[in-house]
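Next come two complexes, and both contain chain A; in the first it sits with chain B, in the second with chain C.
Our next item is the complex of A and B:
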């Protein structure tokens, strides 16, 4: 055992210094994600409990040292009557705003009492068959933290609709961008024509104009084309920043392809298009995938155009939908907000994870020398 | 038949004439080496034959057909690049068969062709590998293999060995020469290395500053260089040069070198040129060591008719094995000689050296042409 341990130690030790150097950076970079995740999983009482360690969960109130609980109060508008419990003490309850037709936990006559939170019916003050009065506390629900309550709540919002709008926009914009940027970048990097350099610079300049200025003229175009408040307004405007960016990115990749490879392909009898299709594009595939990811993430996270061109809640993109609908006035619904952010970042994480190999593969090694 | 003919071929880059109107005929199945210092236009010439560089003037014919304005793929040529130019995403087999597949050759024929070529080059075990999994020498052979697969009439080589280490280079030199005997293609080979040129070519084309200086077999250019440039470029270690003057010497002519050195020349026909400034050239192997005035039994010195005695101090001794390169300094300047290791010279020795004047070269002081 000790020899195995020392072998492990010997392998780890040389890189220990690198890990030590990386640790502060990792902590810095990952902290917002940690905060987002932990916030999205905290039940509301835990979230607003200032007496507890904010970096971890707690199910015990910092002031009362009792488990977090929520009183079940008979609404003031109800008339008094005989109560009939529908769930047993100790059973789980589901918050009423996360489902379409919530199951009542009790009836007072014909009046329905619904659970205000996700939790466990901890105590019943007024048992079945007794009279319950308005404003009376008839029992309370114990709230567990961590819990998935905020994620469940998202079902009742247009969250998945926003996600779909964002995904469709991102993918279509990515395709348009590649169709335009790949040939443009190849032409600018490799073909010799008048104004080549100038054109490259102009394309880059258009990328430098901030969207916060461009959205004003663009909203005129979008209005004139009568595509405002539709996904088309985004699909047509997002390429204005993804195409220049990806063209410049790809120009670098195309320039790194050794010229001899193309010359050899020319001698081998390939036409320009064949060279592009059979030789150049396969060689710069990591670059093209990188550009595709950037096009996707740039449009997935875009805010200004999404906010200004889309006015109805149902057609919004994810970042706009979250911030407009889950912040009402100055009230931030931190739990659902963070839950939506976590779910919204999953597509991007998947895209990155799938293409990580291409990112780091040295495809051009071995081509020359 | 794949004869390559260049007629007054010229290449200008802006105001610079990289190739200044050259004429050259490369015969069918010949192995011709274009050699010269960097910037002499040899690679540009090759790229013009390949069609990768537009011709500014003149005409190029391959197999009797003018190809000057044809695209590369219609010229019946294949080329091996200095950097190998392998397709990094294709296996060795796909790399070698790329041109055949583009031409729509049936799959079984392609496979046979690739197998045959791979067998010649010893690549049979590597056909499924990617270029990055191969060593430098193997990549080089794949590049050659890809060119061979084409079975083109003309094979062009652009310094294909310059990225290999010294030992592999010597090996590949022999391989390529053997290959030429078996594939029956016309080969044009560009190099800056005169050793490659001497050892591989049927004929050598020596270029300098965009013009051809001399065309000939290795022995021709070695024994009968037309100019001081060719004489200095071919041979290793290079020829020694001394600036001097022709002076009358009885009925004949002698060479006056700095330091009151007078060497009589066995060249009576030059008597009329007495008084001219000349460069005197002698190869290291035509200088021999003598100690106490007696020539050693180096080379066939007994047969030397007119040795000239030059006193010198040995500065550097570089043993190469059985031979040794000696740098010596005489009154006329510093020069190198090559002798047997057993000649027993040591650094700092004062010795008399013997120049074999029968093998000496004289170049005109102005035109630098061989006299």
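Our next item is the complex of A and C:
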């Protein structure tokens, strides 16, 4: 045991200085994500409790030192009547706005009492069969923190629809980009024609023209085509930044394939397309995967076009939907907002984790080659 | 090849041309007929106001003489008479004294301006070059001497002021160059770009040097550092909004907890004009420094180990190795990453739009957000296009340097 421990120690010790040096950088890079995650899991009373350490969960109110709880109040519009509890004390409750048509927790005659929060029905003040009056506190619900309440709430928002729009757009744009960029990059890297090099530079330059210059004319353009407020406006315009970038990226990969292999195949009677399909593409597959990853992530990250072209809530992309429609007026619903941010990051994190090396090589070649 | 070229021609060259056309037209959202109006969106002056202040009414050999003149003020009267070169001359007169103030076309204008100077200014005595001057100063703003339609007229009018004064010309117009918010956005764009780029380098370079050391788990840590760059900024900026919240900011919580601030005096990061700019810069740096780090790291790993090893054997210190070997070898790649990064920051919209929407009171407005404000929110397509096209010349300069650089490397 001790020898294994010391072996471990001997291996790790030279790295310690590096770890210590990198710690502040990592903390800076990752803190917002930690903050997003912990916020999304805190129940509302915990989230807005300034008396408690915000870096971790608490289930006890910092002011009253009671467990967080929410009163169940008979709405003022109700008339008094005999109360009939639907759930027993100690049972879990679901707040009224978290899913469509939630089960009521109690009835006063024909009037439904719904739960104000997710939690556990901790106490019943007015037992079944007794009269309940308007504005009367008839019981309370204990609120647990951490809890998944904000994630459950997302079902009642268009969140999943936005996610689908973003994923579909990302995938379609990825396909279009590859169909356009692979042949273009191959031609620029291989075929000898006049202005070849110049054309490569022009394609690269188009990547540098930012969406913030193009979004105003594009908004007129998609309006004229009558595709504004549809996913097509995005599918048509996103390749304007993915195609130049991916062409530039792929050119570097195609150039690294030795010409001799192709010349041999050409002598053996293969056509250009056959060479591309059978010889070149298998060799540059890592490059194509990198291009595909970038086409997807660049589309998934896009914001200005999505904000400008799409006007109805249900057709939005995820980043735009979260920033525009999860804020009502000036009120930010921080819990659901952070839950949406966490879930929205997951597709990109998965793509990224599966392709870390491709991703980083793409970042460097895209910028450097 | 052809499909890609065609697509790009259609979807980049065409909108780009259209952008230029829009900027030269009076296009507005909801208005079907657009007509060519030349460069009026860029610059169209309607009037030049000539303003002046701090009129030097007289120079006196001693302070006492100057004070005597100030005490004569109730005796002074404005009189006008035809000026020698045409127009009317307004003078301040008192028994035994006459000060020619200004010449103007119309008699009532001359009288009005002179009366303003006589009645609405405060007169002080100041020392200048061994003499005492009596200066008439308008506290609230300056005295408007006239409104003109051409530059020539306003310059001519300025010469007709017969006493030394601090003059200035206020230009009013409908082009973006006459729009104070546009000028503010332009200034902010530069502030934002330089602020972020310097900080990105200050954070990115040491981070890359550390990641270039040999240690276990290097690949994992490198992967973690890049995460801010990977997650869509619109999503991750939500976390920053919450971190910078006016009531529940975790930064405020810590400062209160450590006793630096009292709960009544917490910082409003997005509401204060200087802090709002710092906040958007911080968020952009957070998002962008991984890019700088990774590019520099690529440059660092390309340095052959033997060179560094030999330098070490010959007794070069870590600092000397950094200055004489590492930094010249990394410089080319660093320049390219910097140029890229400058272009990203210069044309950035997302960070600012999400964190501050250009506020408070346009203090964090940059060209991209202002173009959106004008072109999309307000519907002035022409002016919006003109604003966004202002990014282009600067981009072109950047790209020119980048191409020069790439050519030299190739």
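Quick notes on this one:
As a working rule, the second predicted complex is superposed on the first by the 333 of 369 C-alpha atoms of A that agree within 3 Å, B and C clash if a C-alpha of one lies under 4 Å from a C-alpha of the other, contacts with A are read in each partner's own complex, and residues count from 1 in each chain.
As a working rule, contacts are C-beta pairs under 8 Å (C-beta built on N, C-alpha and C of every residue); 3 or more make two chains touch, one makes a residue touch a chain.
Keep in mind the model is a prediction, meaning the values are calculated, not measured.
In the superposition on chain A, A:117 contacts neither chain B nor chain C. Once chain A of one complex is fitted onto chain A of the other, the partner contacts of A:274 are limited to chain B, with no touch recorded for chain C.
By the document's definition of touching, of the two partners only chain C reaches A:322; chain B does not. Looking at the shared chain after the overlay, A:282 reaches chain B, while chain C stays out of its contact range. By the document's definition of touching, of the two partners only chain C reaches A:236; chain B does not.
Applying the stated contact rule after C-alpha superposition, one finds that A:265 touches chain B and leaves chain C untouched. When the two structures are aligned on the shared chain, A:191 is found in touch with chain C, with no touch to chain B.
When the two complexes are superposed on chain A, the residues of chain A that touch both chain B and chain C are 363-364, 367-368. By the touch criterion stated above, chain A contacts chain C in their complex at residues 11-12, 14-15, 17-19, 21-22, 25-26, 28-30, 32-33, 35-36, 39, 47-48, 50, 54-55, 179-181, 183-184, 186-188, 191, 199, 201, 203, 205-206, 208-221, 236-237, 239-240, 243-244, 247, 297, 300-301, 303-304, 307-308, 318-320, 322-323, 332, 334, 337-338, 340-341, 344-345, 348-349, 352-353, 356, 359-360, 363-364, 367-368.
The touching residues of chain A, when paired with chain B in their complex, are 258, 260-261, 263-270, 274, 278-279, 282-283, 285, 362-369. By the touch criterion given at the top, residues 50-52, 71-73, 77-79, 81-89, 98-99, 102-103, 130-134, 136, 139, 146, 150, 163 of chain B touch chain A in their complex. Within the complex, the chain C residues that touch chain A are 1, 3-5, 7-8, 11-12, 14-16, 18-19, 22, 27, 203, 206-207, 210-211, 213-217, 219, 221-243, 245, 248, 250, 253, 263, 286, 289-291, 294-295, 298, 333, 336-337, 340, 343, 347-350, 353-354, 367-368, 371-372, 375-376, 381, 384-385, 388-389, 391-392, 395, 398-399, 403.
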